[in-house]
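Both complexes below contain subunit A, partnered by subunit B and then by subunit C.
Here is the complex of A and B:
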């Protein structure tokens, strides 16, 4: 059993950096804090003994997604980068709603008796995932493949510009 | 092998979509007109194949995927809608002048997403089917690249769609956390002992997520803008099939997985239904754009469909099935008229429909019958299906809700008749000429008109099918 202190430290890092993503005015800084959030989440995966998932989280999210995000920002943002992540006028009402939602969710989570899994952690975390994907979860797996194809076709279609006759 | 046979409909659809994509890339630009015809033919073929699946009742991979009469009914509904939309799209897409193969391919991929949604037996499959459908619609909505409204609609749909997916996903994860399973029938089994407060939270989040997808008030704010901005055939498909797919998954999840929480969610669904019917009908009144009018009317229709879920009975489910399939024909009839009119005049404003009856009697007649069917005027099909919906809730004693529904149906007659008045009483513009329709559009219009009238006069074949499907589906 790992020390709960470690969990709370990681949770603190995730929450603070998550807030920073939303609250900072410079969108590149937001993107960098997003990397911290992703790494924090992958640390919780390690605590849950899902080490493969943690590695994938770092590779895909911290590595690829956030870098793409930064590139996207650099290629599109014009004007002053210091105020690229703008607020609208509903800062206060948004805060109140978020706080109210947090209080409700927190009350309910604390009132719930959670059932903890008694099964021992699996020896290997890679093989069983692969096996599940190609047996029980084969349909969602294939659907995800089609989904990615569609998303790629769509991205090309929309980014290509006008289809002028050659 | 048995798995592949059971999944034949989905596999055929995937092959058709991918084939269209490839054919679209290899045919020369001036010969792509045939791709539309090929789409319709392919979809008709698949619809024919589903007829052999009517009595199949199978659960695949430990409940991950369910092929039962209920899902087959919805698949046929999606295919019918896709066929009508593809017929309506020929000229529209040819005018656009680019990416015809991709358009039709995406249309079929969206249909595939809906099929998976209707058949999903676990939460992960359900979510992926939903995303396949929604992401395809993001692309289709933004398809008119020169049109700022279409791009705006696309962006709005991406942002709001992503947010609603996040809410839905959070709800699904809470349900998984509380029950320890993602398989819908196992969730129901896990909930038999005791219900934790967290399940309520999960149910509410899931309800909100689906509320977005079926555009129930107060989660409807995306739909009028997106319906107006999207290419008209896509709007039609979005209003009809995507909504029905949302219902298909929602009904399965709430009735099969969460019967233990029925006393809680029924109250929320009831309030949502009442608000949706009230708001959708009242706000439709001042609309001047036909696409926005149909958008608000489709919000109202979602409210009526929710009545069937409130009823929580085999009759309620049957009424939803019956109403949604007639809604396909009535609404797509109206949308095909809007598409053809837009192709001819470039306008979607109701005032431009002035004197349509003299320019094209067929278009005006189909519009009239479709709108009256949506309003629920006898002897059209919409009357019968609304009658079943209201009966199903009166059976359970929700008289006030039935009164709201009936009262609002009266209100809806007003704004539908405003369009009819413009078409029949108005003078056509001076320089106008009769509108000539392509044969394909004419055929589609005659089919929708025939079905709207036929099942209004003689509904029993379809109601019997809907009832037997619903009885097999409803567990108690």
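Here is the complex of A and C:
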């Protein structure tokens, strides 16, 4: 077991940067704090000795934030960037929904009986993940791939406009 | 000679232990020493790579290159560094100050982190991760963010355009780069750097995977933003791209990261395709340096020989040529492995 102090430090970084994503009004700063959040989550994976997952987290999420940033910049620079990530006025209804969600999640976390494994963490995680993905879970894996493809085709179609000549 | 640096490390460790320090303190100091050694290697290399690049470009363009400061101009880059350190640090008034300042730091973090998994010689690898190659790819993919931060933070249209181009180019060319590496991974069945080197004991992977090497080289050039793929900083169009507004030491750090990435990419190419640090007669770390410099020379040769390609051709080359080719390479490699298994 690693030092719990390290875990709490990482958790603090993740939560604070996650809050900054929501609270900052500049959308570029929000996106950059999202990178910090993802790196923090990846650090918790390292603590859990899931090194492959940690690298995937960095590659897929932290790396892809740059694309998010590009779109953020391209779609919002109209007027002032300092107010590109605005709040709305639905404070009461937002608060109620957030509280309800928090209570549900909190109940579920406390009610669940967590299975703790005594086995040491596997030496290499890449092989087992690949085997599970391409044998037992091959259909969900392919469905997810098709879903992504459909989303991509749909996005291109929406961006280009259907039926219009180029 | 072979174990020179390993013995040196062990010697320091024993000396530290003999001073009466605890085991944790000794290992912490050893990690610090290793990091310092890697940083020293990177900085020293960059210092003379800049000189090398200027000299090679000069010979290709029939000029002399730097030849005034020190014998044959060898101290030119040292003087340049001193000049850059003493320069005024200018931050544009309208810049996003925090992002502007952070970008110069963020760009250097992955550049140094990459060296954690690079084998400098036999048993000379800082951390022999299970997922070595994958770690390299994951860490190097974050370089994009720093360039975009610089481009955005400068609040300058040329910088922003440069940053955008960097993202478009680096994200696109990452795909054929990873797919070309996959061919090697399929042959080894491991992501571990030491396993990949061990698998090349008899025959280098450049022989078995020549197309993968070609794709890796082209995509690597694009990842490093070097000519003919230097559109992100195309001087005639964008002044200097994302780094337009940077001066002094902050600019130097971008420069440092660029060349540090060049060394890391060359070292990865050596590990994956050129048999890693191994060779006859000389110690493995000397072979590592020789092979890495051959790769670096190739990158420089290409840079000063080919003109910059057009921005739409850039994307066409990637999506319509490199990507299908790398996919076909994976297929052919898979079939080849199966056929080889049948006949042996």
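In this section, the second predicted complex is superposed on the first by the 127 of 166 C-alpha atoms of A that agree within 3 Å, B and C clash if a C-alpha of one lies under 4 Å from a C-alpha of the other, contacts with A are read in each partner's own complex, and residues count from 1 in each chain.
Keep this in mind: a contact is a pair of C-beta atoms (placed from the backbone, for glycine too) under 8 Å apart; a residue touches a chain by one contact, two chains touch by 3 or more.
As the structure is a prediction and not an experimental result, all values here were calculated from the model.
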{"item": "Touching partner for A:5 - first (subunit B), second (subunit C), both, neither", "value": "neither"}
{"item": "Partner chain(s) touched by A:66 [first = subunit B, second = subunit C, both, neither]", "value": "second"}
{"item": "Subunit B versus subunit C as contact partner of A:92, first or second or both or neither", "value": "neither"}
{"item": "First, second, both or neither for A:126, with subunit B first and subunit C second", "value": "second"}
{"item": "Subunit A residues touched by each partner, larger count belonging to subunit B or subunit C", "value": "B"}
{"item": "Which of subunit B and subunit C A:52 touches, first, second, both or neither", "value": "second"}
{"item": "Which of subunit B and subunit C A:28 touches, first, second, both or neither", "value": "second"}
{"item": "Overlap of subunit C and subunit B interfaces on subunit A (superposed complexes)", "value": "none"}
{"item": "Residue ranges of subunit C touching subunit A (in the complex, touch as defined)", "value": "96, 99, 129-131, 134-135, 137-139, 141-142, 144-145, 148-149, 152, 160, 164, 167-168, 171, 191"}
{"item": "Subunit A to subunit B touching residues, read off their complex", "value": "104-105, 108-109, 111-115, 117, 135-140, 143-144, 146-147, 149-151, 153-154, 157-158, 161-163, 165-166"}
{"item": "Touching residues (chain side subunit B, partner subunit A) in the complex", "value": "3, 7, 14, 18, 21, 29, 60-62, 64-65, 97-99, 102, 105-106, 109, 112, 116, 122, 124-125, 128-129, 131-132, 135-136, 138-139, 142-143, 145-146, 154, 177-178, 180, 196-198, 200-201"}
{"item": "Parts of subunit A lying in touch with subunit C, wherever the complex brings them together", "value": "28-29, 32, 35, 51-52, 55-56, 58-59, 62-63, 65-67, 69-70, 73, 123-126"}
